[in-house]
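Both complexes below contain chain A, partnered by chain B and then by chain C.
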Partner chain A sequence: MGAWKGENELETTVKSKALQQFQEATETIVNPELKKWIEQGGKVVGYFCSYGPEEIITAAGMVPIRIRATGSTGTELADAYLSSINCSFCRHAFNMGLQGDYDFLEGLVWLNNCDHVRRIYDNWIRKVDTPFTQMMSLPKMTTDVQVEWFRDELKILKEALEKHLGITISDEKLWKAIKLHNQTRRLLRQLYELRKKDNPPITGAEALAVVVASTAMPREQFNDMLKELLEELSDAEGITDYRARLMIVAGILDDPAFIKVIEEQGGLVVTDSMCFGTRILWTDVNEGASDPLTALARYYIQDKPACPRMFDTQPQRSKFVRDMVKEFKVDGVIGERMIFCDLWTGENFMLGGDLKEEGIPFLKLDREYIMAGAGQLRTRAQAFLESMGR
Partner chain B sequence: MTTKRKQPEKALQLYRDDKAYMQMLMDGLSLDESEEAEINKGVIKAVLDKYDEVLDCAENDKPFITSWFAYAAEFFTAMGVPWFMFPQTAFLGIEAPHVTDDIDGAERLLGSDFCTVLRLSLYYVEAEMSPTPSACIALLHPCDGTVMIHQAIKLGKWRDVPMFGADPPYWEDERSYEYYARELRRMVDFVTEHTGYTLDIDRLREVCEESNKEYALWQEYNELRRVVPCPHDWTIGPPQCFAMATFYYPGKPGGAEWFKTLIANAEKRVKAGVSGVLGGEKIRMLWFDILPLMWQFDIQPWLEQEWGVSIVMNMFGFTPYEPIDTKNEDTMFRDLSKRSLTEYPMIRQARGVADHFLSDIERIVKDYKIDCVVWPAHMGHKDGSANTGMMREKCRELGVPYLHLGVDIFDKRYTSVDEVKDMFSKFFSSTGLGQK
Partner chain C sequence: MIVGGCDVGSATGKAVVMKDGEIASYIIIPSTTKPEVTARIVMDEALKKAGLSSLEDLEYIVGTGYGRLKVPFANENISEITCHARGAHWLSNTVRTVVDIGGQDCKVMSINDKGNVLEFVMNDRCAAGTGRFFESMARVLDCGLEGISSLSLKSESPAIITSQCSVFAESEVVTLINEGIEIVDIAAGVNNSVAGRLNSMVRKVGLVEDVALTGGCAKNEGLAKALEDKLGVSVKKLPQDPQIAGAIGAALIAAEKLSKQSEAIPS
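After this line comes the complex of A and B, so read on.
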């Protein structure tokens, strides 16, 4: 690790077309690959939350995309329905729905994942004309009883899609979709493996762009592009000039600019526990199971890294972060939360205590969905790095 | 069975102090021999009895649990297990002189935008100001705050207190009621495991039958509140009914008697055409949330005196309850499950789809001849505040003005009393309600 020379130093040395396309995909909702799909008559279904069962949407022959509010500049329309104590992601996302930015969607799937998002459902179905909408009841516990419950919810979604589209989603189609999405996860994990290196070939901001893109375009194309990027990164010169290796713990963080500000101070983000991060890629759906819906239910309820809303999982969540700290040789952890998010307020409170016990530096950061207050973020990041003696 | 739990002395002292405060209120009321005072004496006696019950368990090492109103306390009555409501200290101590310091302490744990009553509840555990129960029943709905607060408590001073949470489904259908009924069965097993108290189904039937009487009487009382003018002022009515039926006397002897006394008094006042609001009722209000507990003495008397407002109904006083079918074990579990998911206030409106926010407003406005609807927008009620546009539109459709306040029901500093009064005054003036 070389001496820190100042801002704007961290970036990959690879000039990759794939990476550029991924970065472009984070800057808009309808990226070129998705646009091509739509122009060819393909249908798109959006979903909120990392528990959105995208495999079922893929099996129905459509492209699943995770709802973001990228490009939103205001919440004037949404503010007539929501209030100032609702999280800014929801206000921006609903605003985009109201102004027609999501009119290209064939459908939209929600889960009752948090107080804010589940109310977007109630507002959306009354105010936005999306052909297919479905809410799913996501358990708050993770025993086999809840796996069984969620399997039924997946079946209800599958049958609703079949009815809406006039198709049959066979087990064969489900397994094919599961394999496709597992491939995405495996490729993304390969990217994360590269970040374990002392000199990772990719920054945290760039890696976030890749993960965001994985939820925003047809998966076959994404997988091909990611293979290309991995090839390019495999023998790339790594980043040496950083002050510390950081981990981000957060809910919805889909804007690489946020991480870029931190990295401009020399804190290289090498891993995360995020919804646009390890929470959607760290484990696979079991391809050896006998029933695809049960395999999916078990994946979402028991196998994937859990969201704080899952009541009985705090020890595992904390362990996951601490294990990542070791695996990725992390010097400090940043816990980010959207203002008014009770889930992440509680999570950061608990995680802060656990990390303190182990002597791992921890910084809590509040933010709004739209990147604002970069100056303050810069100062906080600088102070954090300095407090670690970096 | 003994708990072998060391109780924090600070908690016991706080309970003794709170009890002494309630006793002082009781002593003051004892000078008043009116029927209305008798009604309130009945409630304070229930509070004092609850303090005694918890203190007895804590001081003498007997098993007791903490839970929430939304877990069908009929089970606990039938089992005979002593319990206190988890946020009780925060609710009952809301006028205590130390509460603002406590809120500041809670802010150091969970910041400033997390529901204050939940922050306080965590703080009281961590500051050893809450008795340590033998077991804790965690509430996993209706909001994110409850899920997180119980997880946080599990890591701190109550690390060794066994905790149970029932998984609440989102939907309202038979599949969900059966699922949650199974969760409630697990809860009963958990309580037995950690306290030794068991559930006898015949006893549960007796309790449910008694509870059915209370809920029917509560509904009867609410019929009387439909009358213009409403027979009771802000000191008597929905909050007490809620507390007696769901917390202090769920299925216990004495509950039905209290309701009968309440009804008798209301009937007498209705027949005589006596208004609860001194000087005459001018505005009939639906306060659609928890009442403003922290500043009830500032706001409610002022609303009555300055504007002739009668808060005819609030979210906690509304009675959508259906009787429990006591035919057999399965029907009782099923109906108590349904009640736990779809009838208790706040859970009913905030847990699943938003439809109850709108249908309840419509039903109350029509049934109770409401002139205006107030959504206080307590800072912790984020899901409800995301319905504000829908509620406003519903009120427009019904032809009643709607006011969105924006307060912390537990902290006057969030929006001051003067600001709230100013909002009300402008609202009544601009809508013409003040001219009535």
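After this line comes the complex of A and C, so read on.
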């Protein structure tokens, strides 16, 4: 065990305005850049889950944002419709919808990614007045047949948006959107590249804020701000006083405060397998393909790191984690699941077995969407680091 | 070498003074509403009992327990998971599974032959399997915490309590009382219900003998027996008060840190 006092606060040595704006964006739903966009008459379309085809929304001239329930303080309105065994993310998100917090949305896109989120859709279309709503059918398998299927789904969404807005979404607009979102992914990967260093210039909590902001702001502005941040970080001193390098494996985890509690114990989070993380940025949409919708379908179904809801993808996710452990010199892995999430419960069980075989320390954590009881998390994280001899 | 371990828990504060690897004194007090005050009082009393006059006599102090960040005089804090494991192993070096039942949580740790934690599970989200659970049952049964242990040992046909939630278990117990079930059988049912919870936690980390109970509730012999029945193995009796295992662990780590420090200083 090192001389860790549990008092040090890991943070970047760089004072960055861009980073500060990203952090602020994680604390609200309508961040200042998005507010500006709305005030200028711009439209916003929300989507649930990392399979939401942002590019189509962008190509329609709107800003896509991933739905979060940041700042929610209760679920009492949603609890009248959803059951107590629906995950807390769904209950908080729907509660915000019922409260009118998402009234600024022009549209909302769902995928049947899990049964919990489907129940939000069922209730939302009856109880919240959002002008455009669409449920997409996301296949469970990942062969070429499903790529074809999902291409059809993307086409249906595209045509529905065209009809709703009275516009045409040309291939040219789609390619432009694909390039823009690919640029976001490339820039985010550059950020991850910096985290491979022995002394990463940015903490896990800060990096999570950047990724969350990438789903919450107009992308041109985001890309410009991220370029600024990368510039500032490129010759930063880096963080030296950490105790161990950690990787987080998780479903919807969008609260940097959660990572912060772990990092306050000295465990620097250097990489992840998360959908506010590598799963949305590790690969690009193929810009060299002939048809943009096919390129997008292939990206979502086959190319991007898959979520546990896709059949037969556990081995590739497990391998991804083990590869990342080597690439980012990870000392230990923390797998979290939201209570009542069946997908991540199974996933962490299997991953735990795989990591044990390779002697990689692994900690399983249960979580509610809104973090309560930092003390409980602190004890587990601290004991995990201590058990690693750190 | 004189060192201290201070375990500020949710229900009690424990302090151990260790001199050259032996326990010089220990004290257990009920927790106050201020962890720093609990820490101060319990440590002062332990010092007095060891014949020492002030904190200055302790060369290194480790704080642990829920209040570990609030032990103002500690050189550092270590989680109670690590401390209980270390303490139980020091008390009996054949222990490989530690079941710690505290005031507001319970934990199970699997440990190696050096007393280091290999894996742990922890319940701190509800009162099931904690001192709080026993307190509310003792209130309904009007028998005191000790009563639950002594009464349960007399039972020949324990009542069945299916709820592990303390609120629901309480209404179940009230129903049993009104049905005229003997108190001894209800007390045994309460212990069986907690033992059931602990049994599943032990099986999560993997049952490896020897198994030891630590924490305040480890003094409940009826619970130990119920757990033995569920696990199918005997529970190792520790040669010291099991409630101070965490504070002992903290003192052991303090001693370790101190000797590492003096190694590092060139003579």
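Here is the rule we go by: the second predicted complex is superposed on the first by the 385 of 390 C-alpha atoms of A that agree within 3 Å, B and C clash if a C-alpha of one lies under 4 Å from a C-alpha of the other, contacts with A are read in each partner's own complex, and residues count from 1 in each chain.
As a convention for this text, contacts are C-beta pairs under 8 Å (C-beta built on N, C-alpha and C of every residue); 3 or more make two chains touch, one makes a residue touch a chain.
Note that this is a predicted model, so its numbers are computed, not measured.
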| item | value |
| --- | --- |
| Clash-or-fit label for the pair chain B, chain C on chain A | fit |
| Touched partner set for A:A257, first chain B, second chain C, both or neither | neither |
| Partner chain in contact with A:A383 - chain B first, chain C second, else both or neither | second |
| Partner chain in contact with A:I167 - chain B first, chain C second, else both or neither | neither |
| Partner chain in contact with A:A374 - chain B first, chain C second, else both or neither | neither |
| More chain A residues in contact - chain B or chain C | B |
| First, second, both or neither for A:M350, with chain B first and chain C second | first |
| Smallest distance from any CA atom of chain C to any CA atom of chain B, in Å, after fitting | 5 |
| Shared chain A surface residues [contacts with chain B and with chain C] | none |
| Chain A-facing residues of chain B, complex | 109-111, 113-115, 138, 140-141, 143-145, 147-152, 154-155, 165, 167-171, 175-176, 179, 182, 350, 352-355, 377, 379, 382-383, 385-390, 404, 406 |
| Contact set on chain A toward chain C in their complex | 1, 3-6, 366, 373, 375-376, 379-380, 382-383, 386-387, 389 |
| For the chain C and chain A complex, residues of the former touching the latter | 66, 69, 76-82, 116-120, 122, 124-125, 253, 257 |
| Chain A residues within the chain B interface of the complex | 80-87, 90, 112, 114-116, 118-120, 122-123, 126, 135-141, 145-146, 149, 152, 308-309, 311-312, 314, 339-343, 345-347, 349-350, 353-354 |
